[in-house]
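Worksheet: the structure to be examined is printed underneath.
For clarity, chains are labelled A, B and C in written order, and residue numbers in each chain start from 1.
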Amino acid sequence: MDADSLDALGREMHALAARLWPLPRSLTGDGVRRTHDLLRTWAPLVTHEVPSGTPAFDWVVPDEWNLRDAFIAAAGSSGSSGSSGAADRPRLVDLADSTLHVMGYSLPVDAVLTRAELEPHLYSLPEQPDAIPYVTSYYTPRWGFCLSQRQRDALGPGPFHVRIDSTLAPGSLTYSDLVLPGERPDEILFSTYTCHPAMANNELSGPVVTAALARALAARPRRRFTYRFVFVPETIGAIVYLSRHLEHLRARVRAGWVVTCVGDERAYGYLPSRRGHTLADRVSKHVLNHHAPGGFQTYGFLDRGSDERQYCSPGVDLPVAAVMRSKYGTYPEYHTSLDDLSFVTPAGLAGGFEALWRCVEVLEGNEVLRAVHPCEPQLGRRGLYPDLSRAGSAEHARTQVDLLAYADGGDDLLGIADTIGVPFRRARAIADVLVAHGLLTADTRPA
Amino acid sequence: MDADSLDALGREMHALAARLWPLPRSLTGDGVRRTHDLLRTWAPLVTHEVPSGTPAFDWVVPDEWNLRDAFIAAAGSSGSSGSSGAADRPRLVDLADSTLHVMGYSLPVDAVLTRAELEPHLYSLPEQPDAIPYVTSYYTPRWGFCLSQRQRDALGPGPFHVRIDSTLAPGSLTYSDLVLPGERPDEILFSTYTCHPAMANNELSGPVVTAALARALAARPRRRFTYRFVFVPETIGAIVYLSRHLEHLRARVRAGWVVTCVGDERAYGYLPSRRGHTLADRVSKHVLNHHAPGGFQTYGFLDRGSDERQYCSPGVDLPVAAVMRSKYGTYPEYHTSLDDLSFVTPAGLAGGFEALWRCVEVLEGNEVLRAVHPCEPQLGRRGLYPDLSRAGSAEHARTQVDLLAYADGGDDLLGIADTIGVPFRRARAIADVLVAHGLLTADTRPA
Amino acid sequence: MDADSLDALGREMHALAARLWPLPRSLTGDGVRRTHDLLRTWAPLVTHEVPSGTPAFDWVVPDEWNLRDAFIAAAGSSGSSGSSGAADRPRLVDLADSTLHVMGYSLPVDAVLTRAELEPHLYSLPEQPDAIPYVTSYYTPRWGFCLSQRQRDALGPGPFHVRIDSTLAPGSLTYSDLVLPGERPDEILFSTYTCHPAMANNELSGPVVTAALARALAARPRRRFTYRFVFVPETIGAIVYLSRHLEHLRARVRAGWVVTCVGDERAYGYLPSRRGHTLADRVSKHVLNHHAPGGFQTYGFLDRGSDERQYCSPGVDLPVAAVMRSKYGTYPEYHTSLDDLSFVTPAGLAGGFEALWRCVEVLEGNEVLRAVHPCEPQLGRRGLYPDLSRAGSAEHARTQVDLLAYADGGDDLLGIADTIGVPFRRARAIADVLVAHGLLTADTRPA
């Protein structure tokens, strides 16, 4: 993919994120459904509904939550209660301004409260006075408003009319997946999550980049691997998905990535699988070594926090890692309204996409190769070796020879690229020439 | 064991060491027997006698040495010889002052000697003028006196009446052992030595702490492992013991420690087994990592010097390591009269005991565990996960989740504790809760 | 070998190099044959001729090149052409001064040329104005003269009579080998190359030291291993040799060395085999650790450049490393006339020989040993342990004990020497004493 195409894709992805931004996402509900509707405009995802109450390993699918409206307004001096008189007072906190304003899975409420009564239901961040925090209470019944410290400080003494027009009732959990068949049944998994409301790096970047990967792979003329894309609510969604596909995934998945926090421009990061030396780990480290020339942060599995928790758990044990930009929990905007579409940029998304696309390129191009002849072949008579040195030519010739020297049918091309210190893409290009000249041959073993 | 009990135990151990102090110990003899008599007041040791001349691998049990009296006195000016006239002269060097004054296994002597004749039989340390050195000549017939450089300088010109009332004659070698049966026949070995005269860290601390371990384990209501305690003279005693129990020990011992130099307050040290990665090594390193927060000295097997030389020798190959305080050979008081009961303290002995007792706790609590459910379980509905964060609660919940994430039936709980960076005791407590909630189960494999 | 013998051998080797110096060596030709004739005066090498056109894996034996005369002379002002008149003009560049003056495998030429016509055929090094570079064009037809920059600057405007009296025609490639049978059919390989014209470290040192190794091993009363010595032109010669002996060498060779750059006094270097942990690697590193007390340079296999390229290639996979002095490509005199017999010295050659001879000593003395008795034996009664310490005696006794402690039939004596930190020679001497006392016994496994 050339630089111009990548720039254009970055802008497209950023525009998609902007359309997804206002939808009220949570574990379940219509905001999630509309999110999946938009994602399906990029790739032919298949959307599934799992009824509340469905068991999934140690868990049960929760009730569906829908949020229509919410506000805190000054109540009339007449002490009016209920919804009467609310319409004619200005809203001090309004869902229409940010879907973060309501604690996730808040119970409905409609009451006039004193400031003291309201206080236990308010969440703000004194040290980040302009940020609205992201708070949820999925499994303990509560209601609450999240607001900036400045808003909180300006609320006044009350009384307040507070209203959350939500429902929590049996319904279903929504997820989507897509399988793009390849020449081999072995699968590569990309999983992302669609439960976060208005936050951009964590987490609109994941769904948007994953949709772009799916679109690009669907358009790819040849796929050696089969690709599986999963869009679920975090934790419960991954658990539901695994409970329905565990044996298949254990048998088929050769490498996978949780796609999260891939939209800002600050950093790159790698989080290993639990076992730490899987194909996903090898590919991730190779790609970031060459793609992030300024270096990248390597985390430990103990730093995990997204659905690799499920994919790598005992009894699941999939080779799933993460290639990120600024990792969740490590940047100050994390889990607040400051994680917005200025922090996530077209270039940031393009960089996240490109890193993962290079992982795909490595997977598609990787194989075990074997030198055809004992000893070095005579490259010179094939025009592959300079008969007199010119700048750069000797180095290229040397790389050819080095690649041949390690092509003993043991390590795969990715491993050889690491050993001889060149990007996979260059190793693959050299190998293609050597194969065309009958000097290298593919081993029959799968990589 | 709480801090008060440990303090009391430290004082008890120090008092036992004080009673053992004046007994004239060596490889053999009545001083050793009386030492074992006192140790039997703490634990039901079984004492054995092995006749002189008994072969043990490449060795033979030596003659028994008994020492009743010894002194250097000024001889009368009348040139009296033999024992006559000695009683009425002051003793310049007297066994009653220190059992170190006589070279171990000294032949008997009773003679009047000039200073020049006496000189080759004197041992002192010019650089430590107040210290009496510890010298033995077990296998080459000699006699000698050990004294401080100050005593030596003050001896005067002589002549001297020197007398060592010792016997070296067929008898027997004394050792004790104790086996405390557990639920499993697999054994844990603690071995210490009882051949050193008046020195405290090296070596009254070993017998005293080992006796305390035996007493505490005898009182323990449940023992998963069988425990074996061995009190022998160093080298020849361990060789004799191994020659009698080799096949049994090779078949049964899962971990073992030579207990030596466990009584001062300066340092902690770890000396590995020859193979270096045995259960004893893993347990020792884990315990010292958490027990010695200021750090501890890690030695190599080439630094060995006690009975791990025998236990780890080719053909024996037991998984035996050492957890020490200041290691033999590394502190200035080593092998002199300065290694006394002010250098070894109640707190020092308590610390040595506690480190080894924590090794026992790890061994008793270690097992291979397996998560019951694929994916993370829902800890929240069991009250195991904070529904809102409080200080500390999130960290505890995280440790639970980390422990579950590695409980795949592969590594044991000790290994998981190391991986997730918590003391074994805490990992065990968390595992107990998770087992009680049906989320973890013991693998049937022995740890 | 004592220091005096080694000094004498150094002088002998240097004298042999001086006799080899003026012969016009290349891949093929009579200069090579005369080189092998001289080498056969040191050891009973068997010389072979392989006809031009013979295939060898991906290669074909090239035509034979012979060079009789070559010069650049000022041409007469009368514009004489051809060979007429040349004899009476002084030669500006003359083969008789240096065999480096003619590009290897130059086509014949005899012409009068202008300076401009001559220029593309001249090779010099502006940054090393006194050095004649070494240039070849084996597989692309060319002719050329190599000369110092000072010579080039002084050539004048021309015209020039240039003449290269060479022939390139079907003939044969010359190589020699020697097999010295040992008690075991397992082979140790030493390979060097005879294709470089007048350069001393790279490469007269290799043939000369290899001849000395062959002579010394032929004279050795007992050889545990069979030794194979190979003298070939670099690359094509090794490929030809491998094409004729591949299965035999793969089955028999236990360790091997490419002998190159072993004649100067500056440095020692080690270049690993491709697999990196073969017997040749272990021996090389051990020997250099103790032989080069100032340290030595460790290269990677990616730094290779001589016939280890062929010996370690996929499908050949021999355990071949290199022990060098200043490695090719790393010293300023490399591949120029400055790499001469003042840079290579008797002491430099002696040091190169000695390092490789110590490798032989390790190989001949290495075996797997096993302690006869469980536990430490009683060294004292055999006079092997000091009954009282003297300076040095305790350390020696300790080394004995350490060697016994690791003699468990697992690691070989070389590995034990590394573990306990002593030179192999000392470990072997101690082991001999312990074997003589019945305390150690050879394991039956081959090392």
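The rule is simple: a residue touches a chain if its C-beta (ideal position, glycine included) is under 8 Å from a C-beta of that chain, and two chains touch if they have at least 3 such contacts.
Just so we're clear, the structure is a prediction, and the values are computed from it rather than from any experiment.
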Each chain counted as touching subunit A and subunit B at once: C
Fraction-based call for subunit C against subunit A, same above half, different below: different
Relative orientation of copies subunit B and subunit C, as a Cα rotation angle in degrees, nearest 5: 120
Subunit A-subunit C separation of Cα centroids, rounded to whole Å: 57
Subunit B residues within the subunit A interface of the complex: 370-371, 373-378, 380-381, 387-388, 401-402, 404-409, 420-421, 439
Interfacial residue positions of subunit A with respect to subunit B in the complex: 56-59, 137, 139-140, 235, 238-239, 242-243, 246, 274, 301-302, 309-310, 312-317
